[in-house]
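Per-chain numbering from 1; labels A, B, C and D assigned in written order.
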Amino acid sequence: MKKIINEPQNVVSEMVDGLVRSYPQYLEKIPDTEAMIRSDSASMKGKVGIVSGGGSGHEPSHAGFIGKGMLTAAVAGQVFTSPTPDQIYAAIKAADQGRGVFLVIKNYSGDVMNFDMAKDLAELDDIKVKSIIVNDDIAVEDSLYTQGRRGVAGTVLMHKIVGAAADQGASLAEIETLAEKALPHISTIAVALSAATVPEVGKPGFTLADDEIEYGVGIHSEPGYRREKIKTSQKLVTELLDKLDQNQPLQADHQYAVLVNGMGATPLMEQYIFSHDLLDQLAAKNIKPVFMKVGNYMTSIEMAGISLTLFDLVDSEWLKYLTYPVETVAW
Amino acid sequence: MLTVENTQKWLNNFYQKIEEHKDYLSELDTPIGDGDHGNNMMRGMVGVKESMARLQNPDLQALFKAIAMGLISKVGGASGPLYGTAFLEMAKKCTETQAAADLILVGLAGIKKRGGATEGDKTMVDVWSPVAHSSQLTTEVIAAAVAATKDMQAKKGRASYLGERSIGHLDPGAVSSGYLFTALIETEGIL
Amino acid sequence: MKKIINEPQNVVSEMVDGLVRSYPQYLEKIPDTEAMIRSDSASMKGKVGIVSGGGSGHEPSHAGFIGKGMLTAAVAGQVFTSPTPDQIYAAIKAADQGRGVFLVIKNYSGDVMNFDMAKDLAELDDIKVKSIIVNDDIAVEDSLYTQGRRGVAGTVLMHKIVGAAADQGASLAEIETLAEKALPHISTIAVALSAATVPEVGKPGFTLADDEIEYGVGIHSEPGYRREKIKTSQKLVTELLDKLDQNQPLQADHQYAVLVNGMGATPLMEQYIFSHDLLDQLAAKNIKPVFMKVGNYMTSIEMAGISLTLFDLVDSEWLKYLTYPVETVAW
Amino acid sequence: MLTVENTQKWLNNFYQKIEEHKDYLSELDTPIGDGDHGNNMMRGMVGVKESMARLQNPDLQALFKAIAMGLISKVGGASGPLYGTAFLEMAKKCTETQAAADLILVGLAGIKKRGGATEGDKTMVDVWSPVAHSSQLTTEVIAAAVAATKDMQAKKGRASYLGERSIGHLDPGAVSSGYLFTALIETEGIL
């Protein structure tokens, strides 16, 4: 393990400190926690609070999206481990401005249960809390026999739209409705070229041969659905697009937003080449995305790979939410 | 019968077992999870120790609550809220009954409610449930329950993403729960 | 070499296409070139044009900084190879709005000569052209006996200030004066954990053992000044800060802007931890930066490592330029 | 005496040498440069070939200009403007004299002006200069000039960043210039 760190058990607290001290204009720490909140408190007044979070190691998620127009607060757990209820509760409390708080949770049992307990604590304080459990990763089948699909990069698009709605004064109920309506239209699938190394573990979550890739890997090195030899960018795009199409047939007359997300170590050079091939193959299906982002948004420490998220904008308001201006470190 | 003294001893004993088997628990969590169960439980038990140390002449309810909060505020992973909820339920019930069997039963109910898992899903429930329902708690009962998780297919938690590939591995949360109840048997005066 | 690409010789053109097609709101291609220009042509009217560029492989540099308030156009050469004069000339021509064009060049012989030839061509067309040669890398001694210091991440700060000045209507001469005054106050030094692999070459530019790092490496895998065993983030910060301090003594009463720049594969987690240690060690010298950026700005494909740039803001106007709003892909 | 025909042959011969030694040139550029000189020159010579092919009954000046533009618009690295400028200077001069020695001399002047290097800086100048100043151009003159760059310390170009560590390696641009002049000697009727 070759990393620019100090003691492995201190990575989260040092990282949180580094982030808030580098960008005091956007965020600050909630005292005695690893939770962060907007430093521009005026931007929160009279608005529903949007709180997200999860394990660390996905930087710039989640705290990089704190700021006017997007998240109100975010909670950083240990690496790849849900934050604890007391921390989430502190963030909810700080984010509440009387109109309630909306939680964006990724679908992992640890996250769901810890956020649930935090919600219980907040409700004891008479804070209204609603939530959405994001489960956009189509690599894992949604079935009664599993925990359900995982929450991955599509979460960032969820942050964006609920953040924009909140900034425009939407009520907690309206935000909940928006999130629930949008959720089934956000789908993601990934390909990995290498795995992440959790600092406290010291070795990669899995290993791939020098010429091997794995489709469908999760953001905590969870196994995917197939391993094979590395292919051209064009063929990787075809595989991922086919998988998305099988899950929800692509419609030529629909408006799509696209997120091409680097997993951490994959350079923008490769992400742009992938995007080029993606836009070609979408064009062949008569689809021209109306909104696109390419970059590292929901990473997995230093994993190499790319995830592809399609967001089918069946409601035309959603595009406005996506393009709504924000003031954050990372959007 | 659980008392403040023997409950403290029980948890201290559990702490030692977690400390001793920390790496083994994380290893069990590697093929079918994310390799952190040992680290999670260790962080949790350090939390429990700190939170017990802050108490001054507690009653049993305060003690159980402190144990629960130690786990809940330190673990983060799935196991934190599950173990935490179990002890929180014990805290609620212990003014009514201090019998170990009764308290394990409410703990089990809490875990099932919090996580939605049932028997056979290859989780800690598969140790808590046989233990709670055994007429006589012995190390054999525990060992059999833990071992039985090996051939199950996971339906809850991270391991469920593996589908059939989860078969053939012990469930890490079942193993740590096994340590909890072994520690309980070993603590004089509880059973 | 495991990369998400198609044919290695096509990486630049596919990448440029991918970028402009993903972000049509910011930039477009200049026909028949690998040069890009703002798509918001209204933002260029009546302003001095700012043109940058260089070899590819430094993404998001340079095209990611095209947009209102920053670059007017940028030219992408082959990977780690200067663009050719005809391409640069096309960018100058497209960027000129009658008030002249300012070139930001990094100090490599290839870049300097190719940009020079482009300048000659433009002057034949009666376009006024001025330029700055950025040479912020203090790893290499500035001496009569070398090509001089290399241009690295500090170039991005140069883009920012001249872009802001141009947007506010500064003349070509004023921009030249600004760039010349600022240049000696921008200093950078890097540490590498691994090297980049140029796609057409297929193997890394150098190799470091599993526990080795190298100080002073350039952005094209040029050799640095010392190799040793990996150290803690705190010690890396000390080494780099000492080197900067030896070059130009740090002054407690000065205002500094700081750029912590990831070289490509280094996750934000490590960059934030490094920033935390940096801010501690600067604080110990009674220095609190007035402006800070942390992220991947001037990369070296998938090299792992961090560079640290200090910009001594001896003129208080410069801070205003740094914080001046821009509309780009990557700032 | 250079003519349209033998100049085309000369450049075609140079093309072949670059093609043959492309990997070697890049290898030479690895320890003291960025490993691309072979690729750069190959791209440039493809450019020269294309740009010569587009000409219809050119005169010598048009031919030299086409060669220069092929190099300038395709190489990008330091070698592009340098070789390009050399041929551009030849284009300017060739209406006055077509003697190879005269044209090499103006080419050398162009390289020196463009790159600011002088003799002994471990660059292509260290081949162009002895060649331009030799009373009789032979392969021995070329070979000696190329070999002499090995013991020099680089003062210009990327290799200069290495300081003393640049000593002990041939300069890649000197080697490719050696091919250029060997190709010239080999082309009948020029000298």
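Note that in this section a contact is a pair of C-beta atoms (placed from the backbone, for glycine too) under 8 Å apart; a residue touches a chain by one contact, two chains touch by 3 or more.
Remember, it's a predicted structure, so these values are computed and weren't measured experimentally.
**Q** Can you compute the centre-to-centre distance for chain B and chain D, using the mean CA position of each chain? Integer Å is fine.
**A** Averaging C-alpha atoms per chain gives centres 77 Å apart.
**Q** Provide the C-alpha centroid distance between chain A and chain B, rounded to the nearest whole angstrom.
**A** About 31 Å separates the centre of chain A from that of chain B.
**Q** Let me have the rounded angstrom distance from the C-alpha centre of chain B over to the C-alpha centre of chain C, please.
**A** Centres of chain B and chain C (C-alpha means) sit 54 Å apart.
**Q** Hunt down the residues of chain C that sit against at least two other chains at once, touch-wise.
**A** none
**Q** Could you classify the connectivity of these chains, where an edge means two chains touch, as line, ring, star, complete or other?
**A** Topology of the interface graph: linear, an open chain of contacts.
**Q** Which two-chain combinations touch?
**A** A-B, A-C, C-D
**Q** Would you tell me which residues of chain B are touching chain A in their complex?
**A** Where chain B meets chain A, its residues are 26, 34-36, 39-40, 43, 69, 72-82, 84-85, 114-115, 155-158, 160-163, 165.
**Q** Which chain A residues qualify as touching chain B in the complex?
**A** Interface residues on chain A, with respect to chain B: 55, 77-78, 80-87, 108-110, 113-114, 116-117, 140, 145-147, 150, 198, 200-201, 205, 218, 220-223.
**Q** Okay, in this complex, where on chain C does chain A touch?
**A** 2-6, 11, 14-19, 21-23, 56-57, 59-60, 64, 191, 193-194, 210-211, 213, 230, 232-234, 236, 260, 264-277, 279, 292-294, 296, 299, 301-302, 304, 306
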